[in-house]
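Two complexes follow with subunit A in common, the first pairing it with subunit B and the second with subunit C.
After this line comes the complex of A and B, so read on.
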C-alpha cells in the first residue's frame, strides 16, 4: 500500500524523532545537574559511607562527562536508569505506565476537543449570523480566554466542594485516583479542563473554514446534483473544511501534552505530568531526564501522525 | 410544435445587498422545447448566470427569486417545496459550470462524484454505479475510462475535467442540461472539442441544452436559437442564423461588430461598446441601453421598450431597430 517514497519519508521522520529525543535528553541531562540541591538531602543524618555507596551506585561520583557517556549508552538500549528517590525502581517501565495514564486522559481530551470543536464550528457556520452562531461563538470566546488551570480549579470547586456540600456528601467528584487508571467518570472532568480551550480554537477555525468552503463552486455542484443538505455539508464541505483544521492538530496535541502537567497536579492524576513536577522538586535526575525524553518522543510522533493524516484527508498531498 | 419542457415567465431575481436591491434578473421570459439548443448571451453581469441558477433555485443569499414562474413540465419550480426541487436537480435538469477545476470536489474521486449524482436519485448498487460511471466517461470520450474513474480531479486536464462534469450532468439522462460558460476556462482547441461533444450529445440523447456564454462564436457553434440579455432583461431573441445575419437591437449588433475578423483590414480598429453595463441597483430610465447606444432617439431616454416582432420569429426591445438606424445613417451620409 505504501509507496517506496512514503516509506523513505516515514523512515527519515522516525530517525529525526529519535535524534531529537537524544538531543533533548542530553540538554536536560546537563541542565538538571546544574540544579542546586540533591535527591539525597534529608532531615535525618546519613552515614557518609552509605551516602558514598549510593553516590557510587548512581555513578554520581564520576565526572559529568563520564556520567553522560553511561547515560547515552543506557538510552540507546532503552534503559533510563533507576529512580534516585525510590531507590532501585527502574524508570522505563514506571514512565511507560505513567505515560499510559496520561494518554488515557489526553486522548479523551483530544477526542472531546475535536468532536466538540467541530460540531460547534459546523453548526455556527451553517447557522451563520443567527443566535445559534452567536451562542457558539460566545462559548468559544469564553473557552479560549480561560487558561486550563482556571477551568480545572473552578471544576474542582464546583464538583468536589460545592456538590459535596450540597448533596450532603452523597454526590461528588473525588480528587485523586485510587488505582492506576481512572474510571470514565474520573477522566471526564480533567479531560474537559484540558480540552475546552482547544475545542474553542478548533470551533473558531472550523467555522471560518466551513464558511469559506460553503461558498466554493464544488458545493454548488453538489447541490445541483440534487444531494441532500446533510450529504452536501458532511461529504463535500466538511471534508474540505478539515484540511486547515488538521494543521492545528499538531500544536493542539502539544498543548494538551504540556497542559497535562498542570491538570494532573490539580486533579491528582498519577500520570507523566504529575511525575514531571515531583521529580524536579525532589531532584530525581534520572526521572526528570526520562520524562523530558518521553515528551520529546510524544510531540515528535504527534506531529508525524498529523502529517500522515493530511494524506488521508487531502489526496493532493503525497509524500 | 410540441409543448415546451421549460417555460420561464417574467422571472425576477434580486440581490438584497447593503448598498441596495440589485435587480439582476428583471422580467425574463422564454420557452425551451424538448431537444432544443438555446443560447443565452450577454456581457458579464447581465444576469445570464443568475437566470440559469434561478431555474434550479440555486441562487445564494442574499439573492432571492422575487417574482415570476419557472414551469418545468407544467409545475412551478419557484413555489415548489425544497425536497421536490432537489428531486429535479441533477435528475431532470442538470447543470455544469464554468470552471471545471473549482466545480469538482478536490478530495473525492472523479468516478465517485459521478456515481453520487446517480445515487442521489435512484437506488443503485455500487458496482452498477461504477460501471455506469465508466460508461459515461467513455461517452464523453475520456480515454482509459476504466482507470480514470479512480483519479482525483487534480489528475485531470482542464478539458477532461469539463468532460467529467458533462458526464456527471448526463448521469441521470436529464431532459435539460444547463451549461454555464462551459468553455470559458478552456483553451481554444479544447473549447471546440467540448462544443462538438455537447452537439453530439444533444443529437444522441435529445437532451435540451441551455448554453450560457458571452461568446457569440460559441453560440453559433451549438445553438439553434439565441437570447441576448442586457442589464437583467432579454433585449433580442430569435433563430441564431437570423440574429447573426440581421440583428435588430443595437446591442446585439455591437456584440457582433466586436468579434474580430480575419478578413478585416488590419488598419481597422476593433469596435468595442463604449461605456460600462449599468448599475443594476439604479438602472437608467427609459431603455437601459440608451446611455451606450449610438443610434438612440429622444424616446429612448424616458420610454422603456418591450420585446416587439422585428422579423420572422425574431423579437427585439428597441424603438429604433437596426433596420431603421442603418437606413437613417445611409440617408445622412448621402
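After this line comes the complex of A and C, so read on.
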C-alpha cells in the first residue's frame, strides 16, 4: 500500500509528465508549421481549387493560433487528429496500436539488456583478469562500439539470408511481421539488436560495481561464515552492485525507445519507430506531432518507473 | 531453493531457449523450381507496400499506388486493357461516331450501359449511379477533378454555383448522355482513366459510411470491381477477397490478396527471397526497389524473376524562355549547346545505376511506349556532340559572359542530386562552363519554378494517362500550368488545339508535329525516362504490368509450386 506522501509524489510526477507531453507537442506543432513543404504538394498536378479544398478539410486554412486551439482541444480529448497523407486514418488509435508493438519489442530488449549485461558483468568480475573476463569485456566493447543498425543489418544478413540459403529454406529468421504482434522468435533478433549495445554498458557498469562490492567487508564476512561463492555473489554482492546499474536505467530506456526508430525499419516491425520515420518522410505533420507526444509520454513514464524502482533496490530511498 | 540461484538457472535456460528460438523463428519455404501448370490450392497473392494507401475514394485518388488497388475495386464506363487500349467496362461499347455514340460535332457522347452490372452489395448499377459519382467528384475537387472540365456545367460545380453538372443526363436507367463544352478527342481516355474521378461509387454506401470515411471500412467500401476489401489495419496490412458472383470477366481466381506494409523495401525483398511475398513491385512499388538489390538479383540465379518496364516519367532540363541567356529565339543556340553537351550514356550509368532505374531519353519528351513517343534516337537534342556544342556556345556567347554564374536548380532527392552533379560535371568537361547547383526544398522549388523564376532547372512529368494531350496541355502550350519555362510557340498552340479536338488516332500526327516544333526550338534538354522494376515469382501466372498499370487481379492466378 502506498503512503500518502508516495501518492502525492506519484500524482505530481504524472501531472508533470502530462504537462511535458503537451509542451513537447506544442513545440513540435509550432515547429512543423514553420517548416517548408507540404504533405499535399506533388509535381503531378497543382490545382489551386483542389488544394484549397483539402486545406479546408484539415483546417489548414485557419490561422495558426486557431489551428493550435483546435489541436489543444483535440489533445485534451485524446484526439490527435487525422493523417494528412493516409486520409481517414484517425491518429490516436493508430499510435496506440503502434506504441503497444514498440512496447513489446522494447520491453524484451530491456529484459535482454539487463539480463545479458548483468550476466556478462558478474562473470567478468568474479573471473577478473582471466580469459573469461577478457572475453566478456571484449564482447562488451564490441557491443558498445557497434551502432545498432549495423548489428541489425548483420543479423538480418546472417539469419534471414545466409541461414535461409544454407538450410534450403528450412530454418531461418522470417523478415516482416504477419499481424500486429510478432511471435517470440520474431521478437528476439530485433530485441537483441536493440539491447546489445546497452547490455554492453550494463556489463561494464556491473563489472566495475561488482569488483568494488566484492572487496567490501560484509562480503568477506559472508565468505568467512562459510557461505558458498554463488550465494555470496547473488544474494549479498549483486544486489548492492545493482544500484549504479539502476541509475542508468532511465537513459538506457530512452536509448531503447529512440533506438527502435532504426531497428523497426530494418526488421519491418509495424511500431512507433517505423511511424516516426515514415511520417517525417511523407510530411504527415499531424502524425509527426502525435509520435513526438507519444515519445514524450513514454520517456516520462519510463523515468518515473525507474525512480520507483530505486525504492525496491535501495530501502533507504523513500518518496 | 535459493531464489538467486534459481534466477541464475532461469537466465541460463532463457539463453538456450532464445538461441533456439531465433533459429526456429519460422520454417517454411521450399523450392520454386518445380512449378507446373496446375493451379495451387492456396490462391493467395502477397506483396508489400512501403506505406499505406492515401485514399480509396475515386473522388480523391491522386497517387499511382491508390490507383493500383482501385482498378480492382471500381469500374468506370470504359477502362484500359493490358495493352492500354480503351475497352468497354460498364458501358456496352466504346462510343464512336459510327456507332452513334459521338455526335458529328464531337460535343455529345452517349454511353449505353450494361444492365447486369452490380455493386459488391448486390445493388444494380444504373446511369444515375454514374451521374452521382461524376458530380460528386466534380464537387469534391480532388486533384483529378479537372478530368471532367469539358463537361457542360463543370465550372459551375467547381465555382460552387451548382451541385450537379447540367451536361450529364440519362434518358433511361442504362443510357448516359454527356454534353461537352468543346470537342475533346481525349475525353474517352479521361473516361477510361477510371481509378480517379470517373470510377463509379454507391451513393447508399457513401451515405451510410460517411462522406469522408466510407472507403476506409470494408463494410462500406462498395464498388463494382472484382475484388472488395475484407480487412484493413492502417499502416500495417490490407486484405482483399473476390466479390461473390461478380458480373464481369474473367472471373477472379485469386481467393485473397494480402498486402503487408513494410517501410524498407530491402527488408521486403529479403522476405520475397524467403517466399514470404509473391511479388515486389505491384502497388506502384516498381520505382522504389533499391538499385543495389536489383543489381544483386540480376547477377544471381533469380534474375529471370526480374522484369523491367518503361515507366511514364520523363526528366529533362528546363530553360527559362522569357528571361536570361536561354530566352527566346536568341537563346536557341545556347539551349542546344547545353543539350548536346550531355553524354546520356554516362548520365544513365551514374545516376540510374547502369540503367536500372532509368534509360536515356532519346525519343522526345513523351515517354517511351506512350502515344506520341517519337521513336528511339528520333530526338536530335539527345545526341551527344561535344564539338558542335562548343561551336554553338562559341558563337552564342564567345566570352561566356551571358552564362556566367549559372545555377542549376533542383528539388532534393538522391536521384535528382545524382543527375544534377553529373550534369554539372559534363557541362564543365564538355563545354568548359561552370554551373553551380542549388537544391531547393520541394514546395518552394515548385512554386518558384511555376513562377518562372529559374534560369535552368530540373523538370519532369509523369503521365496521368496515355494521351499526348496530358503532356501538351499541362506543360508545353503557352501559359501551361506546369510549364515553368514560359515557352510559347503559336504554331504549336494551334496544332495542339486542333489535335485536342480530334479522335486520338487522327490527332497523333499533329502531336508529333508539335513535338518536332519543340525540337526545332531546342526548347529543352532531354535526360532520362523512368524504368520500373518488378520481382515476380515464376508461379504467378498472368499478364505483365504495362507502363501505367499492374495487371488486373482477376487475370492472375497462382500455379502449383
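Keep in mind that, in the parts below, the second predicted complex is superposed on the first by the 306 of 319 C-alpha atoms of A that agree within 3 Å, B and C clash if a C-alpha of one lies under 4 Å from a C-alpha of the other, contacts with A are read in each partner's own complex, and residues count from 1 in each chain.
Quick note on the criterion: a contact is a pair of C-beta atoms (placed from the backbone, for glycine too) under 8 Å apart; a residue touches a chain by one contact, two chains touch by 3 or more.
Small disclaimer: the values here were computed from a predicted structure and weren't measured.
A.B. asks: Looking at the combined model built on subunit A, do subunit B and subunit C fit side by side or clash?
C.D. replies: Fit - subunit B and subunit C, as placed by superposing on subunit A, sit side by side.
A.B. asks: A:64 in the overlay: touching subunit B, subunit C, both, or neither? Say first, second, both or neither.
C.D. replies: In the superposition, A:64 touches no partner, neither subunit B nor subunit C.
A.B. asks: One more residue to check, A:115. First (subunit B), second (subunit C), both or neither?
C.D. replies: The answer is second: A:115 touches subunit C but not subunit B.
A.B. asks: For the superposed arrangement, I'd like the angle with vertex at the C-alpha centre of subunit A and ends at subunit B and subunit C, nearest 10 degrees.
C.D. replies: After fitting both complexes on chain A, the angle is 160 degrees.
A.B. asks: With the two structures laid over each other on chain A, which partner does A:171 touch: subunit B (first), subunit C (second), both, or neither?
C.D. replies: Once the two structures are laid over each other on A, A:171 reaches subunit C alone.
A.B. asks: Is A:240 touching anything from subunit B or subunit C once the two structures are fitted on A? First, second, both or neither.
C.D. replies: In the superposition, A:240 contacts subunit B only.
A.B. asks: Is A:270 touching the first partner subunit B, the second partner subunit C, both, or neither of them?
C.D. replies: A:270: touches subunit C, not subunit B.
A.B. asks: In the superposed model, which partner reaches more residues of subunit A, subunit B or subunit C?
C.D. replies: Greater contact footprint in residues on subunit A: C.
A.B. asks: Between subunit B and subunit C, report the minimum C-alpha distance in the superposition, expressed in whole angstrom.
C.D. replies: After superposing on chain A, subunit B and subunit C come no closer than 12 Å at C-alpha.
A.B. asks: Which parts of subunit A are touched by subunit B and by subunit C alike?
C.D. replies: Residues 231, 235 of subunit A touch both subunit B and subunit C.
A.B. asks: Quick check on the complex: what are the subunit C residues that touch subunit A?
C.D. replies: Contacts found on subunit C: 2, 4-5, 7-8, 11, 14, 18, 21-31, 48, 51-55, 57, 60, 62, 140-146, 158, 212-213, 215-216, 233-237, 260-264, 267-268, 270-271, 273-276, 411, 441-444, 446, 450, 460-462, 464, 474, 481-482.
A.B. asks: Hey, which residues of subunit B end up touching subunit A in the complex?
C.D. replies: Of all residues in subunit B, those touching subunit A are 56, 58, 60, 86-91, 94-95, 97, 99, 102-109, 116-117, 120-121, 152, 154, 165, 168.
A.B. asks: In the complex formed with subunit C, which residues of subunit A make contact?
C.D. replies: Interface residues on subunit A, with respect to subunit C: 36-38, 41-47, 49-50, 52-53, 57, 85-89, 94, 97-98, 115, 119, 156, 159-161, 163-164, 168-180, 183-186, 188-189, 192, 230-231, 234-235, 238, 265-268, 270, 274-275, 277-278, 282.
A.B. asks: Which of the residues in subunit A end up touching subunit B in this complex?
C.D. replies: 215-218, 220-228, 231, 235-236, 239-240, 313-316
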